[in-house]
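Okay, got some structures for you below.
Two complexes follow with chain A in common, the first pairing it with chain B and the second with chain C.
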Partner chain A sequence: MAPETSGAAAAEFPVLPVGLTGAADRTAERAAAAPAETPLDPAVLSAPEKRRLERRGKLLTGACVFVVMGAVAALIVSVAWQGLAAFLADGVDPVAFLTGAVWAPHAGEAAYGAAPMILGSLAVTALSCAFALPVSVACAIYAVEVSPSFGSRVFRPVMELLAGVPSVVFGLLGLTVVIPLVADATGTTGYGILAGAVVLAFMVFPTITSLTMDTLKAVPQSYREAALGLGLTRWQAICGAVLPAALPGILTALVMGMARAFGESLAVQMVVGNAAAVPSGLVGPAATLTSVLTMGMANEAPGTPAAHALWALALVLLVMSLVFVGIVHWIGKRAEDRHGTA
Partner chain B sequence: MNVMNRNRRQLTVLDLLGRSGDTRTRTPRGARTHESKPDVQDRTNGSDRSVQAWTNGSDRSVHVHTLATKDVSVLYGDHRALQGASLAFDAGTVTALIGPSGCGKSTYLRSLNLMNREVPGCTVEGSILYHGQEVNDGSVDSFALRRHVGMVFQQPNPFRMSIYDNVAFAPKRHGVKGKQDLDELVEKSLRDAALWDEVKDKLATSALALSGGQQQRLCIARAMALRPDVLLMDEPCSALDPIATLAIEDTVRSLAAQGICVAMVTHNMQQAARVSDKCAFFYLGELVETAPTQGFFDNPRDPRTQDYLSGRVG
Partner chain C sequence: MALLEEFNKVAAVPGVAPEAPLLADKGIARARLANVVGTRAMGVVCVTATAVIALLVGALVVQGSEKALDWGFLTGAPQQFLEGGGIGPELFNSFYLLVITMLISVPLALGAAVFLTQYAPQGRVASAAKTAIETLSSLPSVVVGLFGMTVFVIGAGWGFSILSGACALTLFNLPILVRTIQQALESVPRSQRDAALALGLTRWEATWRVLLPSATPAIVTGVILSAGRVFGEAAALIYTAGQTAPVLDFSCLDLSSPTCPWNVFRPAETLAVHIWKINSEGVVPDLAAVSAGTAAVLLASLLVFNLLARFAGKLLEKRMTSS
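Presenting the complex of A and B:
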């Protein structure tokens, strides 16, 4: 594709992808007329050709964006369509759906109360992030502020490894390690929200830690210097100057971790007990939106009220994801309003 | 004298206890007046230390500089960035450190408050005396020294918090408690930096909303909030426009008039001529010449200084 040019000419004039320009023929003519090492003519593109090139670039990149946006829109519409069918076509009361405590799609009188799953999802999410956040922030501080070379050479790859472990592996470890521990400690079967939260904590830990490390790295070095110049110890500089500056980013990391925890299905399903009843405590069997969805969707015939009800659960998940994204943007916007973009 | 006693006593106590945090938090800010009292106690505490004994013995007969260096060399790894600089700074004077880029002037300035200790692989050799007391032998906690030797950086670097919190930040962590004390300290520091009138109605707004020149004066106020007696400034105006630069220069002069010892790195020779009492010229890692500012510009002695001032090198 690229025309042959001598090194000096290439340095002088940027090599243009002539094949894309429609001027290849002309170049070939010139190449034939002149010796092989003729420098590329800088005027190889006429004005209309340049305009065409601009337009093509815009078209190509714009089309990709359009396709992706279309896919996202289609996803939202199809989930909403199927989910709303439960309310519009099957006559399920939305309020009863969100607050009802009984989930029995196949009972004689079908009941679609999603509250147990919503509560279960919220509980495992909140608890897992509460477990992970302090450790994450502490690890990030060590890896960025205390020992940066260890942080970048050893700790970050380890976090990437942990983030890449398939969730089924976490689930298996949960079954074989966490469940017996919880069972021993509480005298129950061990299945439940606590076990789910512990397993999830390991899964959201790399997410929160990596994002927090990025945020701490982005805090200008001048903040640390200024604090040290004021006679503060390194620790005081970290707690007093660096962490407050990084706070919006740490909150964003937390919300991203929560989004991951809220949407995780397989590992949770393996340890949460899968009883769609309002959880009575941290160790009784429970269910989450995702666990009910993964367990149920294969068993329902499409178009039935039971399938629509599952879609409605998916819609709740989707809305929650949107809420998480909204929170991330709100945090960023608030920090910007207060301190400017700097 | 008052100031000297205060500082010497704190450093002595810190030395002897071998720790910093507790002592610092117990020392109330603004308690300057009654801190000159325990002079006797000073001697008792310091008597078992030869440096201290020497200091105490000499400060009546010989003039002790606020800050002085003897043969200070700085190495980054194997690279010698500064070779044998000896210079003294006195209360109430502004010393300009000038020279071309990479001549070692900023490196020298950052040695004075032991900031280079934070740079991995950096070693500072030679003697740095604060009120006659050696601080470069590891005996003095650098965190304690930096309370008395403030620093202002090249880029304005206010913290991402309100104007008030920026100034109150360090005093709070050094044990100043009570809203009234802090309020007074913040006002006084902002007045020191000639910023009070501009920001007194918006102390709670973000420091980052200020202009560059205001931010730099806020950084001066933040340093002054610890009531240091030395202020080190590393090209404080290089990121500012001429009007903001003049405001900083006025501030520097008024600080010197209050008895603060200012050491200021600058690229700008007009600035050095306007602001400083004494100039020190650095070239290729060497302190070439030190002279009172007037004489320095009118007839520099060293040929290298002559070349630099006339624009032939640099």
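Presenting the complex of A and C:
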């Protein structure tokens, strides 16, 4: 395939052969000519050296990718293995596990009903996002559509800072600010789903807001210009043109927020009250999947049925987070099918 | 369609329905009123939310500032049943754990990002890796922590240790790090990469000599920002790095001694874990003061990370583009 290459041509295009088929026959010439060509730059490599370097680089970086993928696979298999052991080895009925209302791994007759935790997790997630979403969308609209200077100078940095606040600090704020407020308002201890949801609302707020702002920014300027050019007011342009176009992105932001809320552990655990019973109301001690995992794993010896039951909770958590990823993909794909753009 | 209807409602009325100009004016007036009320309302919500957040976080920092500025608190040993405990070991542990985590995760993420952008940007491996990374980033950190406990603490026999914690944090940190480095590499103009390859550089050389230098500012910014996330993480650590902080003896260089600060096989409670633990146990007499002080130190460190990320990114950019 490669034509015969003269020495002169090889000198003119000294490194062209790399990566081309049929380069091997040129390699010898290239290597022979190398000392004459390279004194200007000692770093220039001969073709075989280059090929070796390329192979080594590919191997090295490929190994990194392999390690990352292996770790993820190991993580999923490990959680699934130990979680499924509760059903396969210890004979816990999966349906009873998901619907049972009593969680008592250490009672005389151990009961593994995860419904209280699953309901608790769903409740704090739904409530926190219900609190955060309207505020998030309003803030994003103001910061992107109405006052971009305030948005980029003040609001965006504040969101970035808030997103970086560690979850234990939110938990601490929950203990010192939210719990007393809820306790005063309801005449209870304050611990419970409501407090957890308020704390989580603060945590998912920056997530939903930042993603919504990105989505709004991605709406083509021509939409706004067309709407304003038709004589609409800015508010009508936002409601009639920008928001509908941004809807898939806002839904994605919401689901990402829900995923964060569902998987958050310490902040919720600090304020939720930690009583594994079916929640009877918004106040009063409750539990979530993450809070039971956080509290329980220290007390169980690995390999016991009680530990397996906890791993089954972790499996539920894992499956739910995969479901959230799936929903995000589905929304993205649907939007793409509809508009022909990502 | 909604747009068209909207348009008809507002604009078509004066011409089409001249017999009812009053109605048309009312419609326009209503639209104008909605415009003012709507945008103002958004503004009120946005400014209020910003103020509430700033107030809450600010109040916590102010509340803890007295402790956080006290040298004895910053260097002292924690107390369980007495007042006046410090956070010396926790402060050191947080930074040491962060450094070890970064030593593991940055090269790994860099390698993975280079492979995914330079060697195999498309194809089955890339899409599998993308899915894996996305999955990892969506996993709750408590699950990552429990996996770390199974594999590193029990499986590898490292016990509750800095190394176990750093490995768990690496898993927690990798997705965001790979993504930022990938974005940084992809944001280098394609022409630069093409030119390097056309000059006969191998991909490896092009990456190291052309792409990485010009992507460095963005990579450094991303690494520092991810460091902030790692610094505040607790859920992945309580079952990997442990919840105890042995008193450290900085004159001890015996790497197997539990009091040696540099020993990676000793348990190491961090600042974030400390806040969680003392509040869960609730036995420390001056709990509120110690919690607020620790939180203030944590937040101040994060602020420094944030400012450093901006500053370092800008500085590097200036230096690397002017030379």
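A few remarks follow.
Just so we're on the same page, the second predicted complex is superposed on the first by the 277 of 342 C-alpha atoms of A that agree within 3 Å, B and C clash if a C-alpha of one lies under 4 Å from a C-alpha of the other, contacts with A are read in each partner's own complex, and residues count from 1 in each chain.
In this text, a residue touches a chain if its C-beta (ideal position, glycine included) is under 8 Å from a C-beta of that chain, and two chains touch if they have at least 3 such contacts.
None of the values given here were measured: they were computed from a predicted structure.
Of the two partner chains, chain B and chain C are each touched by A:Thr233.
Residue contacts after overlaying the shared chain place A:Thr188 against neither chain B nor chain C. Contact with neither chain B nor chain C is seen for A:Thr215 once the two complexes are overlaid on the shared chain. Of the two partner chains placed by superposition, A:Thr125 touches none, neither chain B nor chain C. When the shared chain is aligned, chain B comes close enough to touch A:Arg338, but chain C does not.
When the two complexes are overlaid on their common chain A, residue A:Glu225 makes contact with chain B while staying clear of chain C. By the touch criterion defined above, A:Ala245 lies against chain B but remains apart from chain C after alignment on the C-alpha atoms of chain A. Looking at the superposed arrangement, the partner reaching more residues of chain A, out of chain B and chain C, is C. Legend: residue contacts after superposition of the two complexes on their common chain; A:Thr207 is shown touching neither chain B nor chain C.
Counting contacts as defined above, chain A residues 226-227, 230-233, 236, 240-241, 244 meet chain B in one complex and chain C in the other. Looking at the complex, you find that chain A touches chain C at residues 13-16, 18, 45, 50-51, 53-54, 56-58, 60-65, 67-69, 71-76, 78-79, 82, 135, 138-139, 141-143, 145-147, 150, 154-155, 158, 160-162, 164-169, 171-173, 175-177, 202, 205, 226-227, 230-236, 238-241, 244, 259, 262-266, 269-270, 290, 293-294, 297-298, 302, 311, 314, 317-318, 321-322, 324-325. Considering their complex, residues 20-21, 113, 115, 118, 143-147, 150-151, 153, 155, 157-161, 169-170, 173-174, 206, 208-209, 219, 222-223, 226 of chain B touch chain A. The residues of chain A lying in touch with chain B in their complex are 220, 222-223, 225-233, 236, 240-241, 244-245, 338-340, 342.
Contact residues on chain C toward chain A in their complex (touch as defined above): 2-3, 6-7, 10-11, 31-32, 34-36, 38-39, 41-43, 45-47, 49-50, 53-54, 56-57, 60, 107-112, 114-116, 118-120, 125, 128-129, 132-136, 138-144, 146-147, 149-151, 154, 171, 174, 178, 199-205, 207, 225, 228-229, 231-235, 238-239, 272-273, 275-276, 279-280, 288, 291-292, 295, 298-299, 302-303, 305-306.
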